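Report on the following structure.
By letter and in written order, the chains are A, B and C; residue numbering begins at 1 in each of them.
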Amino acid sequence: MNTRFNRRGALARLGGILAGVLALPIARTARAAVQRVFVSSGAARGYDPSKHKWLMCIDVNKCIGCGLCVEACKKENGVPEGPYFRTWIERYIIPKPKPGSGQTRGETLVDCPNGGMHGFPEPPLPRDQIEHSFFVPKLCNLCEHSPCVQVCPVGATFDAPDGAVLIDPNYCIGCGFCIQACPYGCRFLSPVTKTAEKCTLCYHRITRGLKPACAEICPTQARIFGDLLNPVPDDPIQKFYEQNRVQVLKPHLGTAPRVLYAGLDKEVR
Amino acid sequence: MRRFQMPPQILRLVLLTLAIVGSYMVARAFLTPATFGQYGWYRGAALEELAARTPVYAGKKACDECHSDILHKLAGDAHKTLSCEACHGVSRTHAENPDVLPVKLTGSHCIRCHEANPSRPAWFKQIVVKDHYSGKCTECHIPHQPTQSP
Amino acid sequence: MTSEVTNIVVEVLPRFEGYVYPNEATAHPLWGFLIVLYPYITGLVAGAFIMASLVRVFKVKALEPVYRLSLLTALAFLLCATLPLLFHLGHPERCYEIMMTPHLTSPMAIFGFVYAWYLMAVLLLELWFDYRQDLVEWSKTTAGFKGIIYRIFTVGVTDVSPPALALDVKMGRILSVVGIPSAFLLHGYVGFIFGSIKANPWWGNAIMPIIFILSAIVSGIALCVFNYMVLTWIRRHTVEMRCLDTMAMFLFYALLVDAAVEGLDWIHRIYAAEEGFSVMQTMIREKLFYTLNLGQATIGTLVPFLLLGSLQVLRRRVPEIARRRMIFASAAMILIGVLAMRWNVVIGGQLFSKSLRGVMGYKMEFAGVEGWFMGILLLGLPFVILTVLVKLFLSERLPTSGHTPHGSSTT
């Protein structure tokens, strides 16, 4: 090994130091340029998600199956035409049992014509053969242990700090894993954006102090919306969970859904 | 003591590995979005982007600015749980520019909610339209104060 | 009664029966034939590699003739493995995200790393250490384009002295040992993707990754049998019966274990008869009847089991030509049967509603990304790549080094 001082070696070393010093700012500029092209940046401003905890609850005893909520959601969020629903209404018709059968009820019929968007037609059974019948609005259940968030491979869907479960449409790769993982069927792959889509609690409305479109439009207030961290006087959501014994959908799966239902029946899945 | 000599295959492979891992780290630094990880394993900017969408429905509170007298009547009667846009349609443009009129209300709109259906709860006022009346609903009912007659 | 109550008023889609959630009422299932192909291909890769490791790790000398062919098979199929996934994504141009921001709670997130690890650190490395001596030799004696390829693959290392060669053998053995759990991870994580979905009772259980790995081993051995016999036939050589009989033996026992564990899954489902059981029964009876009973059970399991089992009992009493035909037929049937099994798992899980009240049908189209044509192309492409690999690395015209432990190639 040549340890003698030589000009070439010194120049090489000096060049190396210069390159090292300049490398970081050059790299930063290049990184910023690449990021401008590839990825969007920008911090959230104004609204502080950690200061809110949104929740929607459903009172099945109040739903009249008019479908105005389904229509409002489609309009508010530009949901594509066809079998794509961020929220929908199911009708349950539980017939009376056959006489002498020793049963408490007949076989349940469930239907959901076009998500319930235009209301419901006449039931297939006459009134005197029906034991129970009711409407169940469905939406994202705002799970505490969301299986959809757990399985997203890239971090495109997430639990926001304010309780909403959201999808980043600019990051989603459209693999469909979250859609398969949701036990409640509330997600779909948009044929327009080719990304996963679901109820966002009308995030663009609630961050401005408005209610989600479905809760706004519901004529009987079957959908009760509120902020658990900022209750209003006579808060309807506080009254709902204090006065009703409530249920959740599919509790055995351990998803800990936060959306509370009052007035469900054992037939509802 | 014999000097350790790295076998040529291993040396080549170690260099290759370093090159591959190194280029991965560089790529990751460039291609990870700036706000990723701000609140959790996602782009923090997504929250703002989702919140930036323009609302379509105006909301009941917007109507109160000009129509507080109607809203006062509404609050004292059976339709107090209704939002204006449930019957009058999307009224955002009207709320911003009163010269643009909202969707006109027609009689058939009432049937959407009030047509009798066994699945509807018993407390809800329902009528079998063909047995009830064949004319316009507003001949006997005031929409904003439904328990009173015109 | 249920048929009168329609789910969708706007379009009456005949493929639905009972009640399905509105978001499930799409024209096709979300995960189609491309997602059936992906576990099939990675399963073949894992299985072929396990076959090769039987030579290195378990020192089954009889299988020496198919060692290199098994590794090349694994490589050819692994190179195609990402294609079905890329074509399926809604945004394939964002595919890099899975390696830049992998969400570590998602089994799918490890895909990029496991794939890269298996391709580079296991398969290519093991092939390199095995072929290194030959590559150095071939790079010196072959002219033209092929010569350049061999030179590139030597990675500039030309040392073929005895200590270097001894190191090659040692590294090859280490990699084979490391390769076995890597192969299990490569294919097992796919099984876990399905096994982790608790929302779907057809998929979400602990035995799913195990069934995937076991059927992968079966399909991989079957593919090696198939490739070995086809290659020998193309080259007009005679099959080495000791090798073939040993492969058939391993194929039989792998099939036996796989059938037993799948049978256990069946028995448990029927015995426990949990909530979704009746809708799954309806789905099997009406939508999976042929692919399950005919494809997976009869063609894929029962007939090969009887053929290969009889060979285990009768052994040399069966004349050679009959043995060859029975083994070839069994391998081909198993390959079809395992594809049917992947179909039954992936598509079957989407043919009943999460409401547990309805079933859907699925008719594949010919054209389109998820159609038959694309499927056939993607299944054929690995064989095209394998042909190129065989021409480059298993050529009869190139001499292989005599003193390497693996002896002669499949020629």
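Observations
The working rule: a residue touches a chain if its C-beta (ideal position, glycine included) is under 8 Å from a C-beta of that chain, and two chains touch if they have at least 3 such contacts.
Bear in mind the structure is a predicted one, so any value in this text is a computation, not a measurement.
If you draw each protein chain as a dot and join the dots that touch, every dot ends up joined to every other dot.
Comparing the chain pairs B-C and A-C, the larger number of C-beta pairs in contact belongs to A-C. Averaged C-alpha coordinates put the centre of chain A at 11 Å from the centre of chain B. Per-chain Cα centroids separate chain B from chain C by 45 Å. Chain A and chain C have CA centres that are 36 Å apart.
Taken residue by residue, chain A touches two or more other chains at 93, 155-156, 171, whereas all remaining positions touch fewer.
The multi-chain contact residues of chain C, meaning those touching 2 or more other chains, are 97, 101, 103. For chain B, the set of residues that touch two or more other chains comprises 31-33, 36, 41. Chain A makes touch with chain B in their complex at residues 27, 30-31, 34-35, 38-45, 47, 49, 61-68, 72, 75-76, 91-93, 119-120, 122-123, 127, 130, 133-135, 155-161, 166, 168, 170-171, 200, 202-205, 207-208, 210-211, 213, 216-221.
Every residue of chain B that touches chain A in the complex is listed here, in rising order: 29-36, 38-57, 59-61, 79, 81-83, 85-86, 90, 112-113, 117-121, 124. Listed in rising order, the residues of chain A touching chain C in the complex are 83-85, 88, 90, 93, 107, 109-115, 118, 121, 124, 138, 147, 149-156, 171-177, 179-189, 193-195, 253-254, 269. The touching residues of chain C, counted against chain B in their complex, run 96-97, 99-101, 103, 120, 125, 129, 132, 155-157, 159, 163-164, 167-168, 171. Looking at the complex, you find that chain C touches chain A at residues 1-2, 4-10, 19, 21-26, 30-31, 88-92, 94-95, 97-98, 101-103, 105-109, 111, 193, 196-200, 349-350, 353-357.
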